[in-house]
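Presented sequentially are two complexes of chain A, the first with chain B as partner and the second with chain C.
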Partner chain A sequence: MEQKPLPQKTLTVEVLDHLERLALVDFRTLEGVQRLEKAIQFADQLHAVNTQGVEPMDSVLEDRCLYLREDNITEGNCTEDLLCNARETVEEYFIAPPGNIPLPKLNERDTFLQVSE
Partner chain B sequence: MAAYRGSLLARHGRAGGVTGLHAGPSRRRAQAAGPIASGQRAGNSPAGELGVAPWVAVVGLEIHAQISSSSKLFSGSQVHFAAPPNSLVSFFDASLPGTLPVLNRRCVEAAVMTGLALNCSINKKSLFDRKHYFYADLPAGYQITQQRLPVAVNGSLSYSFCVGGKKNQMVTRTVRIKQIQLEQDSGKSLHDDTRSQTLIDLNRAGVGLMEVVMEPDMSSGEEAAAAVRELQLILQTLGSSQAIMAEGQLRVDANVSVHHPGEAYGVRTEVKNINSIRFLARAIDYEIQRQIKELGNGGTIMNETRAFDDKLGCTISMRDKEGKQDYRFMPEPNLPPLILYDTKSLPANVNHRQVVNIDWIRERLPDMPSVRREKLVEQYGILPEHSFTLLNEEGLVKFFENVVRQTQMNPKKVIGWILNEMLHRLNQHSLTIKESPVSSLFLADLLNLLERGTISSSAAKQVLEELWNGEGKTPLQIVKEKKLERIQDQQELEQICQAVMEEHQEEVMEIKKGNRKVLNKLIGLVQRTTGGRADPVVVKQILEKRLS
Partner chain C sequence: LKWKLSFQISAALKEGQVSPTELCQRCLSLIKATKFLNAYITVAEETALKQAEESEERYKRGQILGDLDGVPVAIKDNFSTAGIETTCASNMLKGYIPPYNATVVQKLLDQGAVLLGKTNLDEFAMGSGSTDGIFGPVRNPWSYSRQYREKCVQNTQTENEDSNWLITGGSSGGSAAAVSSFTCFTALGSDTGGSTRNPAALCGVVGLKPTYGLISRHGLIPLVNSMDVPGILTRCVDDAAIVLGVLAGHDPKDSTTVQDPFKPFELPSFIDASKLCIGIPKEYHAPGLSSETLALWSKAADLFENAGARVKEVSLPHTQYSIICYHVLCTAEVASNMARFDGLEYGHRSSMDKSTEVMYAATRREGFNDVVRGRILSGNYFLLKQNYENYFIKAQKVRRLIANDFVNVFNGGIDVLLTPTTLRDTIPYVEFIKEDNRTRSAQDDIFTQAANMAGLPAITVPTAVSERGLPIGLQFIGRAFREQQLLTVAKWFEKQVQFPMIQLQGMMDHGHIVSLHQKSASLS
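For the complex of A and B:
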């Protein structure tokens, strides 16, 4: 895989590294980064609309009534059903690794984003 | 949790296994620079010269109180402290695909009650958001919270504590409440270091929490402890949370920084893993001193999260290699805005079970601790400090009022017996007032005997001691059996005083020389001779007359 210099001033290596870290994706190739850029350009078209004075809508449910439930116990007691999906369990506990294993720093990682010398 | 951890240990019982399991402090919130405690600006304060410029500490608190409800915030699984692992978990709590959050009305009411009790403005419209981070006990990968628009804002909490050498001066302060928001609790992680794994129990995942954010208006561990204690009392009075810190129903994180007066605020650290109010004061005071020492030595303070180690009495850096967290807040798409009503805005023909009426809740708020204290002081003439002590012990107010009701003794004198004799003994034997071997009835009877002059105060103390041993005898029975009735015969008393004086010529000389304090010794000797049956006031009168 060739290491090519990164295009686009707005998409810095820092931003891409941040995205890889947050979403745990790997852009892998220049094509992957370009696809991201195209997606951003596509979304940027929204800026063409004048939204001055318009309240942002953050949910299509904004006019709906939020249903309130009575405080009754109606669920639970399905330990087996829940545990059967897990790969590893011990005495009715789920098993997880000891802690978050952080992604190595950019210069310690084998990633396309490493800028070549 | 302990019972079930026990079974795991029993089965895999190896020496290493016993020490291997621990519920570590939450390690995910590695960074402290979140949208919390406004007013604290991150910026290095210049290293002060050793011992020259004074330091001012700034303390802000983030408190999570578990809502007292039968079921969880967004699901119908049960809320309960000890239960088999993963038995109180619904499909939604486990974040299985296809499940949706459904808001529990009781949790909304709890948040509104708490907001009103803390003098907040209740937002008639509030919104839910997702806060994203990865951790095994957060199965969805995000927590539903209220970051943009919480249910209550801009409140205040008044608290008091004792200052002065003798701790007898009461000081009252106020801390501003920035906001109260509803959010989900996470599950519990049990770290098994020996096997390099974590055991996850989701029983707690999804339980409703009220996060109370306090502005950084405090400056010491003592103030923070007093504020949290008062909040605890308020929550318990409302019933919105049982707020038992030992059971994790009340969790406090402290943000601490120091600076020189007049200069910019210093860099703050976040202190977590505090399990009691006493440790809260200690942890904050330690952190303040640590920061002062560090800066005094020319060092800098890092914006980081530190855990309090109660055994070592210090804070330890929890710096996670992950670095700063980006929570990627976004609106919760599955929940419309939460709309609250008051009597004016209440729509007609509405299903009352689908609305939360702020005025309805306000009308039914019980008296807050501060009001109850005022009423006690007003009604019984006791000191404000006394009212604090009464309210601090569960059931003590009721006990006090029961005694007052059944005795002729002035409440101002009764309180002395409650606080000095009863509470003292209860604390010595680690008993609650409910477990008291002496009932309010018996204490009232005893105080009546004292009021009527049947016995002296020293005799009364002896009777109380007998009552405490709990053989079921009434105060009067004990008095009769031990012949503790007050010596009424003036002549008899005079004779005894004369005898004591004759036996202690040295002391008599001292008193005549002007050393009045020795008089108390003579009174004590007379009391011992009479077995406490003499009225100390009368004895003093007789002795003084004879010594003049």
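For the complex of A and C:
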């Protein structure tokens, strides 16, 4: 395989912060960042392929009609079945902790994310 | 228990030589005796015995449901099973009991199959060793075979040690080990990059990845929606055809299954190989391919040639990029798929409840292992607005080139491609874990991944036992929805190579091995 040495990208703190919020996974250890950098480097090999004029492929079934079923109710009345796998429910509701509170900033984060360890 | 599904076991059941209950009990006790393999996460003893009893009634009344009635099967633990815990070998789903059956599970049960239990895997099927799940690694039954043990004694000094045990490959390693150690007659796996074919090859069984869109994915907990397919593991090609016949066909609950009617087929017993055109992709001479596997591969090509088939070298120039392409598409789809695990509706939920966001983040940190978290992050990175075109769309373009390579080859008159399934035979666990999951997956899926990119059917057939006494499989890749042709070629090949049966008698119940394993099993 053609191995073009590509300039290694360094991940900025802003990007890392953004990613953590999107993924809702914290990974801010040296190891986690290194793993991500390696993954990006690995993916960069794709740029050796000439894809000029090539359409992206979403699905191998792109040349077929997507099956749409009739818009009729075929299932239901399974509220109890569905609720019984949730840890916290009240009546017919799933319960979430208070919303609209963004994740704390980086410097405050360690204090709360490490607690449950 | 060593009987094959086709003809042998269904005939035995029909003739009353063995009853479904008896068969189920024998399998259950063998599962107990081979517990140290760690092939099963959950053994559904009670429901299995009940299903066997019901099957027995049907046999008595002469009203059996199909060829699989009373036949013990196992299911990879990423297929939803109503009333039976489904974990994906992850803390995230530990204790999760699905309220419904995956379509493939339901189809097996509708045929009267007896569901013995759920098999072990890499967490969320992300891996190629079956070593990265919360229930610990799966051990390859061949570690305890006469074939391997005898070579070990000749070659090494470590016979009395337990460190020599081998990995099954993955991620459907539990299913492969279950079929290989005779605890069930067929097992379901899943195949996104090779997860059915890889462990099948390393455990010396048949592994079929059907065409994308032929078998329903409803109830299969998704990894990469555009590539996942349920896989079939059996002891011979005929068995794979039988199970395929049961599972294939349109499912209203999965819009990606095609609506063309599927007609179950039986494979002919006499096969004429002389009209075939077999393609040998030259790019599959990859670095790291063992000389033994290479030799076996060219011997296999000779077999076809000697039988009068045309054997042609072909080129799939973009296949070498399939692993890199897969890395981007897989992580991107994983990032989106794994968003469903938020602790609210099912699965693990962290006790941290300062805010919804805090609960989400803590739940996901506690619930996923490093590999899963790493893939979620990479995927999110490739999907960032500033990277989307450069990575995600770029990979989708490369995917088309990879798929087009196959179209060109098949348009050029090739019926079936013949390739290795893996670089070499299996390796000891201690060797395997020296590299990280991403590196391993990149090495191990190298021959299998491209078929998923293109959605093509592929099957690995156990071919020979290596110098170390371990199985090597070769792979056939066919045209989309041409399973009948693919399996016919595979059956012809299977008949030529006469792969030896694994010899486990007296090895597994060898006093010191079992006690050693009981110790390590109770530790994990």
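Going forward, the second predicted complex is superposed on the first by the 96 of 117 C-alpha atoms of A that agree within 3 Å, B and C clash if a C-alpha of one lies under 4 Å from a C-alpha of the other, contacts with A are read in each partner's own complex, and residues count from 1 in each chain.
Heads up, the rule we're going with is that a residue touches a chain if its C-beta (ideal position, glycine included) is under 8 Å from a C-beta of that chain, and two chains touch if they have at least 3 such contacts.
Worth saying up front: this structure is predicted, and the values here are computed from it rather than measured.
Once the two complexes are overlaid on the shared chain, A:R64 sits against chain B and chain C alike.
In the superposed three-chain model, the partner touching more residues of chain A is C, compared with the other of chain B and chain C. Judged by the touch definition given at the top, the superposed model places A:V54 against chain C, while chain B stays out of reach. In the superposition on chain A, contact is made by A:Q45 with chain C only, not with chain B. Counting contacts as defined above, chain A residues 18, 22, 58-59, 61, 64, 66-69, 78, 82, 85, 94-100, 102 meet chain B in one complex and chain C in the other. Those residues of chain B that touch chain A in the shared complex are 4, 7-8, 11, 27-28, 69-71, 75-78, 84-92, 94, 96, 102-108, 127, 134-136, 189-193, 196-202, 320-323, 326, 328, 331-339, 353-356. Put simply, chain A touches chain B in their complex at residues 18, 22, 58-59, 61-79, 82-83, 85, 90-100, 102. Note for the complex: chain C touches chain A at residues 96-97, 99, 212-213, 226, 250, 252, 255-259, 318, 320-321, 324-325, 327-328, 331, 335, 342-347, 349-362, 364-366, 368, 370, 373-374, 376-378, 380-382, 384, 390-391, 393-401, 403, 436, 438, 442, 454-455, 480.
For chain A in complex with chain C, the residues that touch the partner chain are 1, 15, 18-20, 22-27, 32, 35-36, 38-40, 42-43, 45-47, 49, 51, 54-61, 64, 66-69, 78, 81-82, 84-88, 94-103, 112-113, 115-116.
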